[in-house]
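Multiple structures are listed underneath, in structure tokens.
Same chain, two partners: subunit A is paired with subunit B first, then with subunit C.
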Partner chain A sequence: MILELSDISKRYGKKEALRNVNARLETGIYGLLGPNGAGKSTLMNIVTGLLKQNSGTVSYEGRDIESLGKDYRKILGYLPQDPGLYPFYTGRQLLSYFAKLKDIKSPESRINELLELVHLSDDADRKVGEYSGGMKKRIGIATALLNKPSLLVMDEPTAGLDPKERIRFRSIISKIKYESIIIISTHIVSDVEHIADNIILMDEGEIIISDKCTNLLDSIKDKVWYAETENSRVLEYTEKYKIVNAVNTDISHTGLKIISDEKPVDNAKPVYPELEDVYMYYFGSDD
Partner chain B sequence: MINLFFYELKKIFKTKGILISIVIIILCMLLNGINNAGLLNYLKPDVLTDATIQNVSKYNEKLFDELGETEYSDEKYEEMLLEYNSLYDGSETGIGAEKGKYGPTQAYDRYVYGLALDQMRYLKNFQSDISDVIINAEQSRENNKNLGKYRDDYKEKETTKAIQAYSEILNNTELKLCYVTSAYWYSFTESEGSNKFNTQLILFFICCIFSVYFATEYESRMSKMTYVTYKGRLSMFAVKNAVVFVISFLITLLSCLINIIVLTLHHGGMADALSQPVQLIFNNEPFAEFCPFNITFGQYMLLAFFMKFTAFYFASNIVVLMSVLFRKSLPSIAFSALSVIGILQLTLYAYQDNLGAYEIKSTSLYNVFQWLRTYSPISLLWSREYVSSFDVINLFGEPVYRLHFTLIFSWILILVLFVINSCLYCRRGEAHDIGIIGYFKKIWKKRSIA
Partner chain C sequence: MFKNELKKSMYGMTPIFVIFTICYFLVLIFSKDSFDDRMVQYYREYMETLEGELDYEKEVFIENEYERVIVTMEINNELVMNGQNIDLEAMQYAIDHQSAFDIIYEKYNYLSGLESKEEQVFYYDLDWQNFFEKTSINYFEIFILIIVALYSITLEYYDERNVMIKTSYKGRLPYIVAKQNSLLFLAVTFSFVFFLTELIYMLFTMDITMLSLPVRSMTEFSGLSVSLSIGEYIIIRGLYHVLFCMVTVLIMCMIGLFVKRFQTGIFIGLVSMVIPLALRNIADEKYTIWIYSVHMSKDMAICTYGVNGVWVAVVLMVMVYFINLLLWCGIKHKF
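So, the complex of A and B:
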């Protein structure tokens, strides 16, 4: 399974939302990270066919998705950022409705399997309008997985979920990662850190860097530092360096995690980087 | 696709707002039917007033059962006239004292017999009336021919068409008495009685039903998820439009059936009238004496049903257009109601002054009236007006019945709307998500910031 993005550009009036985006995606999980306005949602919409690019092509298995049409949508699963659901349907009815839209014959067993997977079996016959935010997200995930998609696109799938549900989500996605290309766009770096094989960083409509998670972490392993300082000097440090984290170690001292190409202060010690540090390295401001 | 159609149909009945609209429509139709049947007149005091006279249709039925399918002849007419004159005229003293044969008193008997006699008189004059029309048309054609090189070719075709139409009617029409209450007409002609208000109410609720049906998909943000499924947008739109078609059809059917059921329960059946030529339907006044079509009243009812359905389905497609433009229920309801009921109100206004008028009161309003009758599908609600006279338009030099043209033109308009709506529904882009108001708001905001 290969999804190729070739020179994708999209403009809204004078604003360039995407600028010559190129990427080649194979089986596995891709975390799409970037600040607000980077173009992540625009890219997601183009990949799913909701939006038409101004130039470039999206190809699946070597064929333009425009020409594939229905055949492309047959293998596609999509969970938007804020999935809307008909409030008057029960969970089970909603899945049945989507099964019809996805042309799934005799979907009952698949529906039961998915309800079990997202832990909604007991609430399947309640109206979706009565569901909590987390439950709505979970039923949304179930609808996206109905047709066992080869390409799964998820836009901020864990926004609004509590930590327990986020762990559950990671577990669900991990189970299917070997069968599909999964693209997850998110601000919550920790969600993709543990499950994503590849990370794509985007800013101002361009892909800054795209690589395996391990490679990205290795690339900044000499650039993440831990230093302790007096509380009165914290502001001075934040003005000079990119600070990832600041924690009070005692009443008068603060421990700072600093991103810097060189050792920032004498007492700074190198620490092993995390994905959040990679994000801050590329997107953190110097303020 | 069939399964998806039933899912979509079920969705209509699961939405509270839509269900309430449907219930209100049915209640309005019932009230309208009851009013048409004259049942509300029973609330008035029991005196021999016009209102009470309208409620004597059951006595009519008794009399017509006795008369049977009486064929017109001069002898039969004279016989009925003698019978009428022999009945006691109790109009000066109110309700006549003596017990009647058909009604409670002889005054009622005289009244119902008078109605039957009026019909016989009408049948007596019908053949001569139509013959006069043919003679005038032939004369007109002759005069036109005599103009030589100045003759009007279109005029010749028009008069020939009229002669053919009325000759066929004259040759094929069997003159027979037939029982029918004029209340049945009201159920199919929207220009009379309380139907004006009833029609506006039905149209308003059509706006509510289909606005909510289409807008819910955007308001609940389901559209993003449904559009990327296998069926895709075009299939979804086709299925949704099939639902619109079926619901419009059901509303039209309910509107007609409720009237017929209430009227039949109160006034009795109209089986005899169904097979009667439409030109011979008479109750105080002729229904369509100069109808150029050789059709029965039953066939007219089917035609009127089809015309009504065309009007409602056209209105539904206007609502769909507003829904896919605005993507929100409230503006969609407002603008579609404005459009659809606006056209209806304009038609009502134009019709009021020009319907059956002997002189044109205002040329501009008359032109509007004629234009609406030709090009506006909403005018098809006034079904009787299209069949009550020889009404043709000049289409590339050929006389074409206005009814035929308006029907075909209406369905072409509906098809055009379908194509426009499907393009808007299937369109990808920012405007697709936020609707036309949201889109212009965003542009305005950007310009203000700049």
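So, the complex of A and C:
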């Protein structure tokens, strides 16, 4: 499975939302990261066929998605940030409704399978309006997965979920990662860190970097430092360096995780980077 | 998909629908008739004499009555002005019968002008006039259709539901076709139920042996271009009514697709009802027909447009239907 984006550009009036975006996506999970206004949503809308680009092509398996038309939607699963769920349907009725929209014949077994996967079998006959935020997100995921999509696009799928729900989400996605191209757009870096094979970093309508997660981490492995300092000097460090994290180590000292090309202070020790450090390396502390 | 969209549109709407139908029925029963009782009494008395085809004897009777009522009034008014004595008994008769006779005389002149002898018929038509007047404009139904159609389409724009639908295999053309068909089905059902309400009311309150009489014998239907019996007219009226309801839901669907918000849609929908109402009082006579048409005033619309009105409604319906397809699917996108 290959999804290819070639020279995608999109303008809203004079504002250029996307500028010559190129990417080749194969089976696996892609974390789409970037600050607000980076162009993530526009890119996802174009990939899902909701928006038409001004120039460039999106092709799936070598064919333009425009020419694929509804056949493209047959292999597509999309989970928006606030998945549109009808509160008057029960979980099972909602899945049946979307199964019809997705043209799934005899969907009962698939519905049961998905309810099991998202741990909602016991609540399947309750009204969606009575579900908690996490349950709504899970039934949304099940909806997106109904047609066994080869391309699954998710916008902020973990927003509003508690830590337990996030772990559950990761586990669901991990189970299907070998069958589909999965694009997860998020601000929450830690959510994709553990599951994404590849990371796409976007800013100002362009892809800054796109690579395997491990390569990205390796690329800054000698640029992340840990240093302890007196509390009174924290502000001075913050102004001077990109600080990823600050934790009080005792009553008068703070441990700082610093991004810097060179050793920032004598007592700084190099530490192995995390994805959040990569994000901070490229986008700085302002975001 | 059709069934699903129907279910979604009707969710929470059934009680509103039932309440409005009952209210409408009650309004039909308890709303006041437009004519005052004394006038009705004298009009009925006249009709006992005049009922049936217009002939020479009836013409003579009307001319005599003209003398007794209109001329007497004129003469006695002059006598009063000059301070002379008047014939009190004759004057009382004229005063009592004047309003009823005015209608009779107007009707007589109207019937005399009709080409078809079969339509030159006197019958007691005040009840029918009341019936048509009461059921001509149905605000209950327009209101409920505006609510249902706007609710049904704007509910898809909450929480990005439209996005989930549009990225589904059948989420573009098949979806919007099913949605519009379900709304049309609702419009037909609603209009039929309201029409049925009118028929039930008619069966219990009207003399249905009169259904075969020509409707054009009533002066209010002078503009009607075809010759129809009251019964036939009621059926055509029903057809008009169904078509108007269908056009209404499709137009509301279009407004919903534009504004995407229920509240804004309701505001626009209601304003579109109120503006013609306000205009009715100030607008030029020639716009009155349009205003009544907007308000689904069946009688005015049928009299003005005749059978052509059906075609206008059908063409409008097809146009709006396709505009809605484009609005949902997007002009640049493949369906």
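To be clear about the criterion, the second predicted complex is superposed on the first by the 284 of 287 C-alpha atoms of A that agree within 3 Å, B and C clash if a C-alpha of one lies under 4 Å from a C-alpha of the other, contacts with A are read in each partner's own complex, and residues count from 1 in each chain.
Rule of thumb we're sticking to: a contact is a pair of C-beta atoms (placed from the backbone, for glycine too) under 8 Å apart; a residue touches a chain by one contact, two chains touch by 3 or more.
Keep in mind that this is a model prediction, so the values were computed, not measured.
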Should subunit B and subunit C be called a clash or a fit once both complexes are overlaid on subunit A?
clash
Between subunit B (first) and subunit C (second), which does A:G69 come into contact with in this model arrangement: first, second, both, or neither?
both
For A:Y226, is the partner it touches subunit B (first), subunit C (second), both, or none of the two (neither)?
neither
So in the superposed three-chain picture, is A:Y237 touching just subunit B, just subunit C, both, or none of them (first/second/both/neither)?
neither
Taking the superposition on A as described, I'd like to know which of subunit B and subunit C A:Y12 touches: first, second, both or neither.
first
With both complexes superposed on chain A, which partner does A:Y78 reach: first (subunit B), second (subunit C), both or neither?
both
Overlap of subunit B and subunit C contacts on subunit A, residues 48-50, 52, 69-70, 73-74, 76, 78, 80, 82-86, 88, 97-98, 100-103, 143, 147
Can you list the residues on subunit A that touch subunit C in the complex?
48-50, 52, 66-67, 69-70, 73-74, 76-78, 80-86, 88, 97-98, 100-103, 143, 147
If we count contacts the way the header does, which residues on subunit A are in touch with subunit B in the complex?
12-13, 48-52, 69-70, 73-74, 76, 78-80, 82-89, 96-98, 100-103, 140, 143, 147
Within the complex, which stretch of subunit B touches subunit A?
3-4, 7, 11, 14-16, 216, 219-232, 236, 428-430, 446
Once bound in the complex, which stretches of subunit C touch subunit A?
1, 4, 8, 11-12, 155-156, 158-172, 175, 330, 332-335
